[in-house]
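Same chain, two partners: subunit A is paired with subunit B first, then with subunit C.
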Partner chain A sequence: MSIPLVDQVQQNLLFQQLWTQVTPIKLSNITILQGFPKEKLISDDETNLNKEFVLPIKLKDEITPNMLDQVFKELQGVKRLVLGIVNDDGTVVYYIVHDGVYKPKKN
Partner chain B sequence: MSKRASLGQVHKYSLPVHPIEVPNIVPHNPISWVQFLIAYWKGVTVVQTTTADFVNGQFLVSNDEDIKTLWKNGFFGKGIFSRSEATWYDRTQKRLGLGEFKNLTIEEITAIRRDERKKFKKERAKLEAKQAELKKAGIVDPFIEERLELKNLRDKDIDVKVERTIDFRDDDQQLLVDGKLQNLETLELFAAEAFFLKFALNAINIRHNDQPISTVELFNKLSSSKVDDLFIMNYVVYHHYRSLGWCVRSGIKFGTEYLLYKRGPPFHHAEHAVIILPNYKDEQQNEQVAKDFVWLSSISRVIGGVRKNLIIVFVDIPTQEEFDSCETLEEKFKLYKINELLYRRWVANKNRD
Partner chain C sequence: MNKEEGAMVTDEKLPISIINNKAFIFDLNVIKKLRFLGIGGVLSGTLPTAPQQNVFLGLPLQLMIEEVVWLVENEYAYLVPERDFLNDLIQGLNNDDVLQIQNEKQKLMDLEQNEKLIQLNDKLDKLGKNNTSDETKLKNINQSLSIKIFDNSNNLKNSEFLKKTILQNKLIQKNLLNSLNYNNLNYKIFNHLKLKNYFLAPGLRFGGKFIGYPGDPLRYHAHLIINTINWNQDIGLMNIVNGGRLATGVKKVWLIGSERDDDEDEQEDEQDEQEEKDEKVRCFSVEWAGFG
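This part shows the complex of A and B:
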């Protein structure tokens, strides 16, 4: 009955955040998710609804720049990642990580 | 009945244990004394028992009645697809155009508010573009009216639409069995919550691999036998605030351990955010785990930004020998002491009170 990490984030994206076509991708070390959000992730985005990539992790997991770099390398040309961070009360919080410097969005 | 009154009725009890109810005593009326005594002797403390499954470190409650009971009696747990109360089924019924119209869930109200905010930003961006153009041409900004309109848009009360747009995605097909929506949402309890319901209230049955698990077995699974175990510290603090009548919920959204609500999320926003640090008897150990100011400052600014108080809870850690020499869990927990510190940023030329 307990749900593995990747499935937990996938279900959350599909049924709470209402993303569509959310599917896992196996990279060499980890499994991440891809899918289309309900609305633009950042309102300043120029193009409409891009495919986004989500890295599921646990709250207490440690991530290193090297690890993120590896993901960006394997995804070739992807400019940002979403961290799907799972807490022990079932909450999934999402943070965006950009590959390099990014102009802050307007508030 | 007003909404507030009915909320008060639904959430009459702050724990799934209900005290005996006794009538008032009128000092000069002996009959009221008798009524009081009868009610007292005959009264039974009601414990509303629920069941959770403990699998791979998660505590999940899947029975609908149990989910309601835990939410109504002290706001325990969180719907895995909801912000707090398990409202996914209602929301999804509406989104898919099934079932009847019910009151808006908090998630829906937030969505409407965000939509309005987006409209405001769009209009603002348009106006700013116009202004920039004129500025280039050297003309003074003539858009006084537009700015006023924009201000109204910003301050407008939200409209609640009664009409619904149905949003049925291919991904939703899997939710339906014979045209009926399956409830995918379960309630998840965090470890301290589950352990409090079990150890302090004995109001929950916890199953592990389909077998009931005892309080001591559960404790051993959740904690190491080390005296400064993280679960023990978190639990001691959780128990402390629950005992004082606070509704304690996870603080992950603001980067803290807990949030304290006076009654519960539907009544008021949380007033206090709690972070937990150990306080050892050995000062050298304290120095090893001490946090720097940057860490404290960043948490403090986030919490200040959402208008909450930041409470640093120092848990006095007993020695390992003291801990090991205790037979029962009660004795072990009694060794820990709580010290609270309210941390607040103070700006000399602004905060004069």
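This part shows the complex of A and C:
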């Protein structure tokens, strides 16, 4: 009866976080989501609203540097990725993964 | 670091004492020079009367193993072995070695003797009582001549014999370095961030391997909580949540430092070896997204 991982994160983004235009994209091994957040993800961002990429993943899943590298490789030029981490109790938490060494934001 | 300070630092190599596989600096001047190189270490000395002291610590300074490797690889420092090593060395001395050491000692003695003689002559001349021969004076001087015993490894470099056998002996330096059993990935990440001008300190305070400051820790707050993870090792999503939330809460990012596996990038062109080694390092910075 459980809903597929990608759909669950997509719906959470749309209806709880109020993102817009959230659509799945297929990469070679996994499906990720793209969409626009309600507000700027990072207040230091120069442009107003960026298209963000969300990698849905279950809390129990493994994630390695190699996997992150693959995703960044396929999303050429994308500087950051959002992990949508899903627990079995219905919570979804979001963590940004920046490509490379990132200076923390000022706020 | 400005140029003058840099020049001061590179003048001569600095001694790092290796004791029980830990690295210590006993000389305040060396600590100052290391600071200009972006090497902070941790003060670890207590007062003899207060062995449980845990604030206001003093000399010696203890270095992280990665700091030691970086200093030696970049030829800023050499390693000074501990007593067991020197005992072994003494057991293995041959006659020529002993002769060389004795000669050196004699030279030092002669030097001091001459200095004392000149001083004495000056004094007697001033008093107008300089009427004994230099020979008898030397006899008297020799009786009072003391042998200086240095309490500081900074003086080891003055011994030609030790210089030759330990301090400038590449094989021995390499073995001493290897005896520290350093983790290669940790060092690669350390070196990578050092190249980006980060000042690194031990990371236990924030639950990481290192903490990264954008400059001297006395002037800046840290920016990075640094973790080292192998290329195909699970980072652990719970660690990402723990670390990311903590780091964002204290205005830092939670950094994952890793290194590409060897077999993957063999098709890449050959480059400058050092550069190539560093190019395999791959970092990701984690922070809380601010929602969810």
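Basically, the second predicted complex is superposed on the first by the 106 of 107 C-alpha atoms of A that agree within 3 Å, B and C clash if a C-alpha of one lies under 4 Å from a C-alpha of the other, contacts with A are read in each partner's own complex, and residues count from 1 in each chain.
As a working rule, contacts are C-beta pairs under 8 Å (C-beta built on N, C-alpha and C of every residue); 3 or more make two chains touch, one makes a residue touch a chain.
Note that the structure is predicted; figures quoted are calculated from it, not measured.
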item	value
Overlay on subunit A: subunit C relative to subunit B, clash or fit	fit
First, second, both or neither for A:93, with subunit B first and subunit C second	both
Contact breadth on subunit A, by residue count: subunit C or subunit B	C
After the two structures are overlaid on chain A, angle v-u-w for subunit B, subunit A, subunit C in degrees (C-alpha centres, nearest 10)	90
Contacts of A:15 with subunit B and subunit C, given as first, second, both or neither	first
Least C-alpha distance (whole Å) that remains between subunit C and subunit B when both complexes are overlaid	5
Subunit A residues contacted in one complex by subunit B, in the other by subunit C	12, 16, 59, 91, 93
Subunit A-facing residues of subunit C, complex	193, 196, 198, 214, 223-224, 229-238, 240-241, 244, 247-248, 251-253, 255-256, 258, 260-261, 282-292
Subunit B - residues contacting subunit A, complex	53, 55-58, 60, 62, 77-82, 88, 92, 95, 118, 121, 125, 167, 169-171, 175, 184, 187-191, 193, 250, 252-253
Interface residues, subunit A side, partner subunit C - complex	12, 16-17, 41, 57, 59-66, 68-69, 82-85, 91-105
Subunit A - residues contacting subunit B, complex	1-3, 8, 11-12, 14-16, 18, 20-22, 43, 59, 87-91, 93, 106
